[in-house]
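You will see two complexes here that share chain A, one where it goes with chain B and one where it goes with chain C.
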Partner chain A sequence: MSYYDIDSILTDAEKIPCTFQLDIPDLGYLDNTPKQPLKAGTKVNLPLWLAEMLVIANTGGPDNKTFVTFDLPRALGNDVVQALKADPRAVPLRDQSAHFYGLATHMMDLSEEQELGSVLRKTFVTRAAEISLHARKVGGVSTKGKGKEEGSNLGIGGAGEEFLRGLDEWERKLFRKAHDGAKSGKEWMDSIKKN
Partner chain B sequence: MALPLPLGLTHSEVAFVAEMELVTVVPRQRLESIDLLSGKTPPLRPPHRADLPLWLALLLKKQRRANIVPPPWLHPASLADIVHRETKVHPHAFSEPMPTASRARQSQPGYAGRIGGGDSSEVILSPPFRSNCTSAAPAGYLPYHWLEVAEALITHASDDLGGNTSEIRGLLRDLVEVRAAKMRDSAETLGAEGQGGVVSLRGVGAMELAENRGFVLGVVDGVRKIGGAVETARREKEEEMDLGGGDGGRGGYGGDGDSDDDMGI
Partner chain C sequence: MPMYGDQGNKLVQHAKRMQNLAHLPPYQTELVRAVTREVRDLDKDVASLLEPFQGSFDPSADQSTACTLLVNHLSMRRNKRCLLAYHRTRTNKLEELVWNGSDVLDLAGQQAGGGANGATAAADGGASSSLSPQEEDYVRQYGDLLAAYKGQWTDIDLTGSLEPPRDLFIDVRVLKDAGEIQTEYGAINLTKNSQFYVRQGDVERLIAQGYLQKLG
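Up next, the complex of A and B:
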């Protein structure tokens, strides 16, 4: 993960719900009450980079409280996790968050959710197999005499497209890699037939 | 950064490397030995077979100076056997790679040893230099460069294949599809708990590797990142336990050793 990695920067900008643990003066505008202190217990959505710092650091007071506590964002909420357990392929991850896995791994670093890890892992590989299947079939249109096969094997127009639209950034990269491999394979096959 | 090169060899590079494979030819004309960078070619005397690199064989074939003897594994019966094995007998594993050349040991009757195994004067040959595509290769196994050599022979030497090119082509197509499907499924076994994320790529050809390298590495990398948080937590716990037990000597290696056990190797 490089410093200039756009995806990692965008992942850091994802909002996660946080609850402030103490009163903070002059921050009331975060909760639409300017000119008043931000009350303890207020819920505010903070970007990940900020929340991370505030969760890790503590106030240094006698009770060693942290500034904020956080909940899992809605993209990783119970509903989504249950749906992923039921059928990973049916959930459009991009609707939850464009950087779903990046966000999830960040959150797993912060909170110790054992179950989330295994669910995500299963989700990722199940969807990866599906991605590879689509990547092989999509875009090989130029080969002659194959049109029939492509049309019948997978509903590219229907379910396939729907699935591909629901890929998050990691999965898009994976799709691109798988597709590049399949494409250059086809190009090579065609090239030997020409010479 | 602007144009990152793809990892590993591209398809055309793999095909180029595959042209180094030796194939058997039946020459039609005499040709003296040529002193090539890779060594001397055998002198060609018309009725006698000789092993030449694929590129030279194809060149002579195009000039009608030689006929290529197809390797035994390219025979339709052999290919059909492999397809059968890949689909019915071992539906989840790639078929075995070609066995290393071996011969009976004279000192121990009833035993066979790998050629070059004990004797230091003989060299163990790795795929491009082993005669996997000559007429002496065993049938029923796929060599490392099976797809490239097969495609080259079908395209340029189809009349030497015994006239059933379309059958061979169909069987090859089947094999490609079956093995591609296995490659996809191998991604799924990565996620199975307890399997620990190991995909066996034994017997996979060079061209298939070139095609799937990006995808498989992407999946492995993703699984690693997802498992990273859990893994660090586990390691920390283990290290604490190690230290608590008074056995500080194992240090960080304890985690590594255990994860190898999990992989079930």
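Up next, the complex of A and C:
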């Protein structure tokens, strides 16, 4: 996660629901009312790069409040977590957030959700196995691609396609790596046999 | 709802798309300008917010101003990160192109010329390159650096292909006029669309630069 990392920058643009704890005259534009002050208790979706610091920063007042409080985004809400518990492979993470795991990691830094971590860990492990399975299969179709084999592979590929479409950005990278790795391994074996 | 940082985000999305492209898309002059303008506006806001306090601002006494300042500061910091990341992604790509031996400056001119027809190319004038002037400068100087570095080992071509050649001689077709070149077997005149059977070592550079195409 470098400063220049494009994916990490895009992850920071993911929005989370926040609630302002005090009136702020100049920030009305955040709630789409630039001329009016932002009232305490207003709910606004803020990008992580903004929310993260506002949630941590102390107002410095006697009551030790923070500027805003936040809720878990819908992508990590109870519905999604329950679905992940039931079957991690059945949830299209991408529909929740293109940077699902990145978002989740940030949220776990900010909140004390004990359960979330273990659910996500299990989710990733289960899905990673599935991803590697699909990655190898796709290689098979493109390199062999003839006769009966093609038919059977395409059949599985069709069902897998939906799963693959639901991969978040991190999983996509994993898929590409697994796919390229299997492919170059096969190419190398073939070239050894030829010579 | 337009918000501070939105323009910067667009810039980073451009960078993201760029990562999967073989060529370098046009420099986003307008977006870069919009983001820097945003930073300048934010800085002005901060200055005018702080002005009445005459350098003795107490955050705990004026919490809402403190919060506004924090939001402004974070927005500027965000924009800075987006700008730097965008430019770094591009320079990385440029360095890669220089190492591959492709003629970056020539390539940039060509793409722009090929994409736009005569009328728009004329309207764009000098700004038809997909590189910013600063990037052109960077490429030129990086190329000089690389040449100086390579000059230390005259018998090794550092940017040469890592693939061992299968054949000493290859068939090539000429894609653009490249003039006359000298080889061990005499001079060859490379005119467009002609075909030659030449020693691979003699023409490797020209293939990398896109003058010749390897056949077979």
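As a working rule, the second predicted complex is superposed on the first by the 179 of 195 C-alpha atoms of A that agree within 3 Å, B and C clash if a C-alpha of one lies under 4 Å from a C-alpha of the other, contacts with A are read in each partner's own complex, and residues count from 1 in each chain.
By definition in this document, contacts are C-beta pairs under 8 Å (C-beta built on N, C-alpha and C of every residue); 3 or more make two chains touch, one makes a residue touch a chain.
Just so you know, these numbers come straight off a predicted model, no measurement behind them.
Novice: Touching A:K35, do we find chain B (first), chain C (second), both, or neither?
Specialist: The answer is neither, since A:K35 touches no partner chain.
Novice: First (chain B), second (chain C), both or neither: which does A:K193 touch?
Specialist: After superposition on chain A, A:K193 lies in contact with chain B alone.
Novice: Taking the superposition as given, does A:A57 touch the first partner, chain B, the second, chain C, both, or neither?
Specialist: Touch status of A:A57: second partner only.
Novice: Per the contact definition in the header, classify A:K177: touching chain B only (first), chain C only (second), both, or neither.
Specialist: Only chain B; A:K177 stays clear of chain C.
Novice: Check the residue A:A104 against both partner chains and state whether it touches chain B (first), chain C (second), both, or neither.
Specialist: It touches chain B, and chain C stays clear.
Novice: Is chain A touched at more residues by chain B or by chain C?
Specialist: Of the two chains, more chain A residues are contacted by B.
Novice: Enumerate the residues of chain A that count as touching chain B in its complex and touching chain C in the other.
Specialist: Shared contact residues on chain A: none.
Novice: Flag every residue of chain A that touches chain B in the complex, lowest number first.
Specialist: Residue list for chain A touching chain B: 101, 104-105, 108-109, 112, 114, 117-118, 120-122, 124-126, 128-129, 132-133, 135-136, 170, 173-174, 177-178, 180-182, 184-185, 187-189, 191-193.
Novice: Where on chain B does chain A make contact in their complex?
Specialist: 6, 10-12, 15, 151-152, 155, 180, 183-185, 187-188, 190-191, 193, 207, 210-215, 217-219, 222-223, 225-230, 233
Novice: Which of the residues in chain A come into contact with chain C in the complex?
Specialist: Counting only chain A, the residues touching chain C are 3-7, 9-10, 12-13, 22-27, 29-30, 32, 47, 49-50, 53-54, 57, 59-61, 67.
Novice: In their shared complex, at which residues does chain C touch chain A?
Specialist: The touching residues are 1, 3, 5, 9, 12-13, 15-16, 19, 49, 59-60, 63-68, 70-71, 74-75, 78, 81-82, 84-85, 88-89.
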